[in-house]
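What follows is a group of structures, each given as structure tokens.
In what follows, chain A forms one complex with chain B and a second complex with chain C.
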Partner chain A sequence: MYIGKQSHIQRRAIILLVVLLLLAVAPPTEAQEVAIGTATATVLSAVTVTATAALAFGNVYQGVTASIANNNASAAIFTISGQANAGVTLYFQLPEYLTLTTGGDRMNISFSATDASIDTTGANNPATMAGTKGWQDTDPRGLPSTATIGSAGTSVYLGGKVYPSAFQQAGSYSADIILTVSYNGT
Partner chain B sequence: MNTRNHVRRYRNVILLIAIVMSISSHIMASILVAPTVVFLSDKARTQRMTIQNPTDGPVEVSIYFSFGIPESDSLGNISVELKDDNVTDPRSALGWIKAFPRKVVVPAQQSQIIRLVARPPENLPDGEYWARIVFSSQSAQTELPPPTEDGAITTKLNMIMRTAIQVKYRTGDLVANLELNQTGVTHEGNKVHVLLDMTNRGNVSYMGVLTCRLLDSDGEEILKNRSNIAIYRDLKRRIDFTLPEGSKLPYKVDVEISPDGRTDVPVTDMIKGNKIKTVAIVETQ
Partner chain C sequence: MNCKLAIAFLFFLLIGTSAFAQPIVTGVSDLAFGTMYPGVPLKVDKASASAAEFSITGTAGAEVTVTFTLPTYMNVSGYTMQMIFFNTDMAIDSNPTPNQLAPAYNDLDPWQTQTVRLGSAGLTVWLGGKAVPALKQQSGSYVADIVLTVQYTGN
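Take a look at the complex of A and B:
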């Protein structure tokens, strides 16, 4: 125990000596460089678009249409954040059908003139959407031209309807929903 | 008592982590683009942008150019229509501004620099030329969910996000000058609509801040609207006010359009134009 403590003290003394020697031989300019070092940062305005949730129909069945309202928990959610109150043009490109991934069949999908809502509170919760929060039950093919980014972001909710035919081939079907966001004020 | 506090604290921390994890796993894909407007010139023909993936999964990004400037209809509805080809606008920079790389997979929580280079045609007249750089992104993980029952049909809708950022190339002597042709104000029920008819007389887009103040007959402010504007040619801009219950009758609107006060554009990139102030009396219908 005593020997261990002694060697520990010796080791610390050697380290201290090495540090002092290094400080003694180090050129003074290095110390100056540290002293005059500056930090710079450039602040840039940014816009973030997020696909928060997909339009999720789950399993659907032959001959049974399935629809999801824009205030349903399974509605699609896009979120836009950026400079508060900035005017934006929002433009949806929506599919007319989904394609069987293995090919050979497709399934119709439709979006009505009330299938979208724009929530300028950025709540990201379709169930809490109300008319006072932005634009409720609006046309996804003609979203309001006066839409803005809310201080906590803006959420866009989208519902839709799929029409599996009585002879629809079983399997996985897919399509693209595209939302384009452009600033109006730049 | 201390042990109970510790348990409570850890329980809250675990709950918080669970909430954060559930939110982050809910997010499918996200892309941050900066800045929101890019300036190139005959003196600085290269520029850089940053794209960032703030999510926990990779994001696939394709980059291309379109043309689109804010335009309006007679009611003052503004929209940006993007055109990819057959663009005949003499102010279009489509085709001679390029971006590198044009396709990239941004890993989770990582950034990517995109470089822009302008190679304008010779003898370009003085002024500003425009294009929109479009970042098209989606989750790089696009597996389809298998049907959970035999013979079932399952669907997957790929959520694709496109962010269109204005790119402006400037050359020669630059002038920003805006003219306010007409201001109309109508009052119907609890709504007040302001319609501004403006024309850009300069050779660059006029960038500024539009401030509209709705006042009562005593000059007291009822409501205020402040927004960034960019006028490329002619533009009608509508501002809608919804009067709060019990508010005094609106009497007039103070309008100010100023090149000052933009926080999203560096001062060094602003071509400062004229300032406009006007007052319009509210017409009740």
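Take a look at the complex of A and C:
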């Protein structure tokens, strides 16, 4: 009787061992683990530019050139806002002539290498511009690459000169002046 | 087989079973682009301190597959920002002292499943990437999930 019980226990132990053996050698491919990481980024406010004031030559006479300095109240004003102290790239697309609103005639316009100023105080007042406020009398076709947005924004002032001919047709003339502003990552 | 032998065999089996430990994968650090300007894309290199890092542990010498599920956008409050992962943005090192600058497996394609063997200290996985904010990208803190799945191959 005792021998029979022992044999029975041994058989059960062997069965248990076989089961454990099967478990032990089971392919571990079912073991899978997943982790979730994160990508993060903080995007700053977008840059905006607004044409605040036109370059206004007012009334001009046939055959008499007219100039507007960039510190004149009639200078063009562009207002830039965005992330304070961020570096920006500025690019003017300047016209070569004004067009008669009703069509039929053109009037030449030019911009010198000192016709632009960049005011990082954001004053939007050409008359108060000074060298200590940014870049004064700079080239509108080669604006400084180190320009930044001031804490209250940045203003860009632009002057120019028109050349009405002796036979310039009377009327209102206009042209687009485009200033493109983008962050440069600095 | 007597009972003592059976117990010894059982003990052996338990030890053998524990050798096939479940792989554990942990996100160590985020893929952090930091502050970005609208319109100015930014790339984080896989060898930089801002790269994502994952740690994998398990049975040393076991072969595993490592599979990323990558986002194509980051999100904030309904706004999205494009992300790009290039085919060399992933690196893996199986050395006990992982070297991010000179990993054992470099310039891997994170879009493809990679098969490697766990080192004595497991594996370290790095991931770089690029974020591309639009010119008028909405400001805010953007996030996206990066999922890493690890599985034994049985080899």
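One rule holds in what follows: the second predicted complex is superposed on the first by the 141 of 186 C-alpha atoms of A that agree within 3 Å, B and C clash if a C-alpha of one lies under 4 Å from a C-alpha of the other, contacts with A are read in each partner's own complex, and residues count from 1 in each chain.
One rule holds in what follows: a residue touches a chain if its C-beta (ideal position, glycine included) is under 8 Å from a C-beta of that chain, and two chains touch if they have at least 3 such contacts.
Small disclaimer: the values here were computed from a predicted structure and weren't measured.
Identify the partner contact of A:A86: answer first if only chain B is touched, second if only chain C is, both if each is, neither if none is.
In the superposition, A:A86 touches chain B and chain C alike.
Based on the superposed arrangement, let me know which partner A:T38 touches: chain B (first), chain C (second), both, or neither?
After superposing on A, A:T38 lies in contact with chain C but is clear of chain B.
Just chain B (first), just chain C (second), both, or neither: which does A:G185 touch?
both
Which touches a greater number of chain A residues, chain B or chain C?
With both complexes superposed on chain A, more residues of chain A are touched by B.
A:G131 in the overlay: touching chain B, chain C, both, or neither? Say first, second, both or neither.
Neither partner.
Using the superposition on chain A described above, determine whether A:V47 touches chain B (first), chain C (second), both, or neither.
A:V47 sits against chain B and chain C alike.
Just to be sure I read the superposition right, which of the two partners does A:Y61 touch: chain B = first, chain C = second, or both, or neither?
In the superposed model, A:Y61 contacts chain B only, not chain C.
Which residues of chain A are in contact with chain B in one complex and with chain C in the other?
Of chain A, residues 44-47, 83, 86, 182-185 contact chain B in one complex and chain C in the other.
Enumerate the contact residues on chain C facing chain A in the complex.
So the residues of chain C touching chain A come out as 1-3, 6, 9-10, 13-14, 16-17, 20, 22-27, 29-40, 42, 52, 54, 56, 58-59, 62, 71, 74, 76, 81, 83, 127, 129, 131, 133, 135-154.
Quick one: in the complex, what on chain A touches chain C?
Result: residues 9-10, 13-14, 16-17, 20-21, 23-24, 27-29, 31-47, 83, 86, 182-185 of chain A touch chain C.
For chain B, which residues count as touching chain A in their complex?
Residue positions touching the partner: 26-37, 50, 54-55, 68, 70, 77-80, 82, 132, 134, 136-139, 144-166, 207, 226-230, 238, 240, 263-265.
Provide the residue numbers of chain A that touch chain B in the complex, in ascending order.
So the residues of chain A touching chain B come out as 44-62, 76, 78, 82-83, 85-87, 89, 91, 95, 98, 101, 107, 145-146, 148, 162, 164, 168-186.
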